[in-house]
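What follows are several structures.
Common to both upcoming complexes is subunit A, partnered first by subunit B, then by subunit C.
Moving on to the complex of A and B:
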């Protein structure tokens, strides 16, 4: 059986609203206008042990809600969820002992005490035996370079430093599953890269299953073999990043630098959809599904005095934007 | 903080004390009697408060800003975690002054204290503590459903022991029923005090304090669990 299994999960919130103005404010004392927001509509998927899944979608699509349902914070109205054989909201305590959660936007550490003390408190909360704790802390300290941070109060850490501590805190008890809700938000390039590297290693060496929600498509590209897309509370795509690209970003770009300025010939190789020439830079767009790139390159090499040639995919951001547009999400 | 709480505890019943000093007793009801019942309630309240103050700020500190997420992510009881989230040593002042008041009243009423009676007193204080813990838990549990205008719950928390200042025979029937059957505050104050001093209530009514406390706390815990299911977290 899959490690994580969701079936038909639905969750709605009641949101109260008040039109502006004093009159409406007075009325709201007696009668509250509410409407229902369907945060999740019949979400279902299953994830095997050791998978690293990217969970993407526009703001307000239901990513965080899904993570909160899976981590036992929210109770859905409908549907089934089995994680490691348990239903998160029914067997909360034994469920959360086996998972780790990192929220990029909310600290899980105690604000005023040094990181070391937070870690020791977590050791006691999770009941980690002293020798295992020491060993694990050493491992994480080396991997995340925490040596100098352990004695500093959490409130004085920079965002990047804090995030490293958050990740360590979520992994101290060796959870088999790790949920990451926007872990790279607001991080600088170096911190992002090292965090990705760490997550990848943790996944490969310890087989920790990870679900990562993010807006940073580089995270997904660097880490995730599988991508799920959610929009308006529905699961819209579930598959590999490669297939996603073929569906939503089939157009590739060839950029060639020419040795000298030339007059372009009339008849270009078949398959080029549009092209332009700016000085010595020649750019052509083609559909990678129908035209193999190597044929185009060899054809172009015969026609033009090439100095350098690069084939580019559409950026993942562009692809996601076009996907959101075509699925009517933006 | 400790002197401050002492001051509140001493000035709280001063209205009743002054009234009794001016007019003497109401029938059999002397000032010492009223004060004994009141101080039993307040000691039980103080004990509960020492452990449960976390529930007091819970709606504002944890539910409103979504901090309860963190509590739910730890493999420990949510009630224990919220209990431990705030600890005020100065809350013990209420317990201390309550105990002193109980001792003084018993001395004034010339009740001989046998070991058995001391045990009985501790027994009913224990019941009272559990009862007030229950009051704290369910009142803050309301915040899972609504976090606006929760001030009225103070009727039951801080106001809960004030009612014991009214002599039982003169208490309106409605209030008597509410505080006997709905929130059994009288079961942990008046009845045990009556049994202790021999004012005519049967022993079994005095012994109800612990079961009443346990029953009320259990009901509150059930309501708490129901509330946790409705926790909505906050957006991120």
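Moving on to the complex of A and C:
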């Protein structure tokens, strides 16, 4: 059986609203208008042990709600969820003993005491025997370079340092599943790269299943073999990043730098959908499914005095934007 | 099952043997709540300067109260014996004021800011990601928060109480036994204080409309606890009610024992009342919380 299985999960929230103006404000004292927001509509998927899954979607799509359901915080109105054989919201304590959660925008460390104290608290909470705790802390300290941070109160850490500590805190008890909710938000490039590297290694060495929600598509590209897209509470895509690219970003771009300013010939090679010339930079868009790039390059080489030529994929961000647009999510 | 055994057992059953934490049934051990208590206590006693300045304010306030009581006791009309009102002498009242100011420090006058922040921001959800009982977690935090001001703010108040001339001084307890019972009463007051503050945290979790009403309840509890006026000085017809209501254990009951204004034979009643009310608050709060957690909405992305 899969490690994580969701079937037909639905969850709605009631949101109160009130029109603007004094009259409406007064009225709302006695009668409140509410409406139902369907956060999740019949979501279902299954994830095997050791998978690294990217969970993407626009703001308000239901990503965080799904994570909250899976971590036992929210009870859905409908549907079934089995994680490691347990229903999260029914056996919350036993369930959460086996998972780790990192929220990029929320801290789970104690603000005013040194990180080490927070870690020891977690040791007691998860009942980790002293020898295993020491071993694990050593491992994480080396991998995340925490040596100097352990004695500093959390409030004095920079965001990047704090994030490393948060990740270590979530992994101390060796969870089998790790939920990461926007873990790289606000991090600088170096911190991002090293955090990704660490997550990848943790996944490979310890087989920790990871589910990553993010808006940073570079995270997904660097880490995830599988991508799930959610929008308006529905699961819209579930597959590899490669397939996603082929479906939503088939167009590639050729960017060529020319040796001198030239008049462009009339008849261009077939397969080029559109092109433009700006000074010495020539850009052409083509469909990678029907036109192999090397044919275009050799054809262009005959026509133009090329100095340099690069073939680019559409960036993942552009792809996701076009996907959201085509699925009417934006 | 001992926790080490739990690890061992699972290492056998887990196919990869990689995840010793994958025990079948888990709940944080009692030690975890002690650790929470410890960390919150350490966090709170960091603020030494704030504690000391707070102590200065308290001492000043005590001195003002003593002046006011002295005026009342000297010029009041219906004093049964000269210098005695409703069974309390002026010197007993002075001692009462000093000790009440000390016990006041344990009483909740607002929410534990950590807990309130989590309720308001939705971070309660993160707490639920731990294999802990949220109610016990809050109780442990509130217990630490109740006792931690006694160090930097409480001790200076007591020391200051012994310094002034006799008419202003904190007097000795009625007897050694009375002192012992007073200490037990203080422990009872502490339990009552954190039980009630935990209860109100749960109430706050249940009402989305803000903190104001809860603050009024905190204040009412302190008034009924005898913090501002010894309950013995209230009208006679109110006495049975005042003695039995939940908050007498805050200040009034322990101090009756210290001052000897109540027969020691009644001590068992005095000491069991706060425990009874604490049990009511903890039990009721736990039920309310569990009902609430079923429908909780964790706000924010």
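Heads up, the rule we're going with is that the second predicted complex is superposed on the first by the 330 of 330 C-alpha atoms of A that agree within 3 Å, B and C clash if a C-alpha of one lies under 4 Å from a C-alpha of the other, contacts with A are read in each partner's own complex, and residues count from 1 in each chain.
Please note the rule applied: contacts are C-beta pairs under 8 Å (C-beta built on N, C-alpha and C of every residue); 3 or more make two chains touch, one makes a residue touch a chain.
The shown structure was predicted, so the numbers you read here are calculated from the model rather than taken from an experiment.
Steric overlap between subunit B and subunit C is present once the structures are superposed on subunit A.
Ranked by how many residues of subunit A each touches, subunit B and subunit C are led by C.
Of the two partner chains placed by the overlay, only subunit C lies in contact with A:128; subunit B stays clear of it.
In the superposition on chain A, A:164 makes contact with neither subunit B nor subunit C. In the superposed pair of complexes, A:84 makes contact with subunit C only, with no contact to subunit B. Using the contact criterion defined above for the overlaid structures, shared-chain residue A:68 touches subunit B and also reaches subunit C. With both structures placed on the common chain, the touch criterion links A:176 to subunit C but leaves subunit B unconnected.
After overlaying the two complexes on the shared chain, residue contacts for A:117 are found with subunit C alone; subunit B is out of touch. By the document's definition of touching, of the two partners only subunit C reaches A:207; subunit B does not.
Overlap of the subunit B and subunit C interfaces on subunit A comprises residues 13, 60, 64, 68, 71-75, 92-94, 96-97, 101, 103, 105-106, 108, 125-126. The part of subunit C that touches subunit A in the complex is made up of residues 3-4, 6-7, 16, 18-29, 31-32, 34-36, 39, 42-43, 46, 121, 123, 125-126, 128-133, 294-298, 300-301. For subunit B in complex with subunit A, the residues that touch the partner chain are 66, 69-70, 72-77, 229-233, 235-236. The touching residues of subunit A, when paired with subunit C in their complex, are 13, 59-60, 63-64, 68, 71-75, 84, 92-94, 96-99, 101, 103, 105-106, 108, 110-113, 117-118, 120-121, 124-129, 132, 173-176, 206-207. Contact residues of subunit A toward subunit B in the complex are 13, 60, 64, 68, 71-75, 89, 92-94, 96-97, 101, 103, 105-106, 108, 125-126, 181-182.
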